[in-house]
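Before anything else, here's the structure in question.
Chain lettering (A, B, C, D, E and F) follows the sequence in which the chains are written, and residue indices restart at 1 in each chain.
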Amino acid sequence: MEEPRIATVRPVAENEATGRVAEIFADIRRTKNIDFVPNMWRVLATNPTELEVVWNALKTLMHPEAVGRTSPLEPATREMIALAVSATNGCAYCVNSHTAALRKLGASSSMVGEVLAIAGLFNMTNTLADGYQISPDVLPPLEDP
Amino acid sequence: MEEPRIATVRPVAENEATGRVAEIFADIRRTKNIDFVPNMWRVLATNPTELEVVWNALKTLMHPEAVGRTSPLEPATREMIALAVSATNGCAYCVNSHTAALRKLGASSSMVGEVLAIAGLFNMTNTLADGYQISPDVLPPLEDP
Amino acid sequence: MEEPRIATVRPVAENEATGRVAEIFADIRRTKNIDFVPNMWRVLATNPTELEVVWNALKTLMHPEAVGRTSPLEPATREMIALAVSATNGCAYCVNSHTAALRKLGASSSMVGEVLAIAGLFNMTNTLADGYQISPDVLPPLEDP
Amino acid sequence: MEEPRIATVRPVAENEATGRVAEIFADIRRTKNIDFVPNMWRVLATNPTELEVVWNALKTLMHPEAVGRTSPLEPATREMIALAVSATNGCAYCVNSHTAALRKLGASSSMVGEVLAIAGLFNMTNTLADGYQISPDVLPPLEDP
Amino acid sequence: MEEPRIATVRPVAENEATGRVAEIFADIRRTKNIDFVPNMWRVLATNPTELEVVWNALKTLMHPEAVGRTSPLEPATREMIALAVSATNGCAYCVNSHTAALRKLGASSSMVGEVLAIAGLFNMTNTLADGYQISPDVLPPLEDP
Amino acid sequence: MEEPRIATVRPVAENEATGRVAEIFADIRRTKNIDFVPNMWRVLATNPTELEVVWNALKTLMHPEAVGRTSPLEPATREMIALAVSATNGCAYCVNSHTAALRKLGASSSMVGEVLAIAGLFNMTNTLADGYQISPDVLPPLEDP
């Protein structure tokens, strides 16, 4: 039976993955503590190098504990940044995925709304600052406190 | 003596502001606890309605205590979202302004980098999810916990 | 019976709105002269502050007569700007909503096309000007005529 | 004497243009009623096909009278759309150029601000509509009135 | 029988096209060597000037042989650029169309992935370079080798 | 003597790099065959994890030979995609850097123009396809030839 179309290419099924792809699929399930491989990663697996590059980047930044690292940002803060960026870009897959992740971390719909309201606000002020070509008045300090 | 050009229109000088504009300028200095009005607001003042609309939105969302409100987000989290959006849009004025604000709240350059790394990561994954037209696999729950 | 999913959060139904949200819902129906509250506002109502901020901004700029203001721009011109921005950002909800609003104001499909053709043209020239990093040759005059 | 760098490639000087490029340069000066060729066109002339494609599109849409056409939009409306798009994209060359064009058509700084305020507003609502993945409630009519 | 809705306006059917629109429809079928007119062009035909402007630009740049021109870029390279831009903008119609075109030119799903991986990578680095406001260290040479 | 400001944070000087950062700096010079570390990498080094994540991704995709990989794309094609994305985003650092890289690979200014013309064209058609909400007519084949 044909799986419904979920992308412009045929994603790699979990049970057909082999070698490096199968290892990364296992790492994704383990690291994210889920029992399936999300569409995103099954699609990226059609180019194993791409899968590896993106998973390495995401694992390091979003699952720092899995690489023995401590992030200066809380998990919910990281997902809020992800949601704000995805809303700015209008990416449907990403908005759904990061809203779900935020909810899993306990965020109410009101908190999701606060993130989006702030993302919306700064898309407005960005347009204004660029639309008037306003020069910076505040240069950030170069040195840490 | 002519002030150097800082925008495509001539900004309103603090000492020439009158009426509603002067009141908002005072509110900006008071609410932000600074002794000058940043370029952004002096430029928006060339259209007082625009100044009022944008200041009301920004004051409510970014200075909730000034309107008797409690935000579910920390001030630093709000500035991180602002920086992530501004980096995504490539807005020079905004990047400088929000980096400075984050620094004032105690963020090290390493923490600024963590915000930008995550913003960069999701600009990458947004491109991939949209570039493959990947269907959502996770719909967020509609109800709060 | 369950309403079909229309967003990542459960929108506020018109008949369950209370307090400030109910007042804004009534204001939206009155100001826009419609007999229902569009999805956008029902979704924003999940965070009443967000609803208030966005409605205040939109009411002031797009329904100036409702706040005792005269806009220098015609209603159709305002909707054309809205459509051009929404097309540039690729926002499906917004494109549908602003095309419908333009049509209600009497625009033919040919006029909609003229707006989009011009928006498309300048997305092309923006890419070229940025892609070559071209310096401005014309600085706008700072003073009004 | 070396001209200062104004782009990533060396623009074609007006007096070194020949053939089709010289003809288009003349057409630009005549159609726009100016006595110099703006940087944009001198840069595009480094690839004459690109110059021709972009000039044809811009001449047809922004100078309809020069091609014996009547546009359904006023010149100022067309420039407002151009400014709104350029502000959304943050294109410095384009913002300066279209603000100057609007000013030449008589727009006050307050009117420029009204255009930018509306462009900013819809960049905010676009982020919200996409950030919540809101379904359209209003489909525009397919037929003209 | 009503055709299903495919756009915000009613597209022009192939058999109802007349005059200049019919000529361009024929040119599209001939130049692209296909036996139908894609939705895009049928929609643009609701404003014949828009149809002509966009088709002229696309024919010249993407079908150079049809205008007696030699492009410095291979057809597959041109489609890769188209896909990278469409992925960056998140345009569904365009991603589908350019992926199909690339496939028709023989690209494997792995090659599509390589294009998207590189587009994703530079969306990430663009965010970082803009998010830190990094000054250029390498100015391209102005003269050709 | 103070180095001029090149970013919102103080970049790491080549001679002050230690440990993993020094190793990556050496790898950058070796892999890119240059005798200095570009600003981008010196800035990212303020957060070594970020430096490592971005360098790994870029090295793998843009310098495949350095990781024992064969890319399906030519070096010039990869740089063209980078330039098209950077032009679309309007990133000054990136446009300069990728134009310089293309030139180093032998591209004439006319070829740079061809890339930008195509990137501009598809930013135009993306706006049109999204601005009309056009449905795909061509779904790419899922299987490789």
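Note that contacts are C-beta pairs under 8 Å (C-beta built on N, C-alpha and C of every residue); 3 or more make two chains touch, one makes a residue touch a chain.
What you are looking at is a predicted structure, and each value in this text was computed from that prediction instead of being measured.
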Between D-E and C-F, flag the pair that has more C-beta pairs in contact. C-F
Farthest-lying chain, centroid of Cα atoms versus that of chain E: B
Chain-centre distance (mean CA atoms) for chain B and chain F, in whole Å, is 28
Return the distance between the CA-based centres of chain C and chain D, expressed in whole Å. 22
Could you pull out the residues of chain C that touch at least 2 other chains? 5, 8-10, 44, 49-50, 53-54, 57, 61, 84, 86, 88-92, 95-96, 99, 109-110, 114, 116-117, 119-121, 123-126, 128, 130, 132-133, 139-140
In the complex, the residues of chain C that touch chain A are 8-10, 44, 46-47, 49-50, 53-54, 57, 89-91
Per the contact definition, I'd like the list of chain D residues that touch chain B in the complex. 90, 95-96, 99, 109-110, 112-114, 116-117, 120-121, 124
In the complex, chain C touches chain D at residues 5-9, 36, 38-40, 43-44, 50, 54, 57-58, 61-62, 71-73, 77-78, 80-82, 84-86, 88-89, 91-94, 96-100, 102-103, 106, 108-111, 114-115, 117-119, 121-126, 128-130, 132-141, 144-145
Touching residues on chain A, where the partner in the complex is chain D: 83-84, 86-92, 95-96, 116-117, 119-121, 123-128, 130-133
Residues of chain E touching chain D in their complex? 5, 8-10, 49, 52-54, 56-57, 60-61, 69, 139-140, 142-143
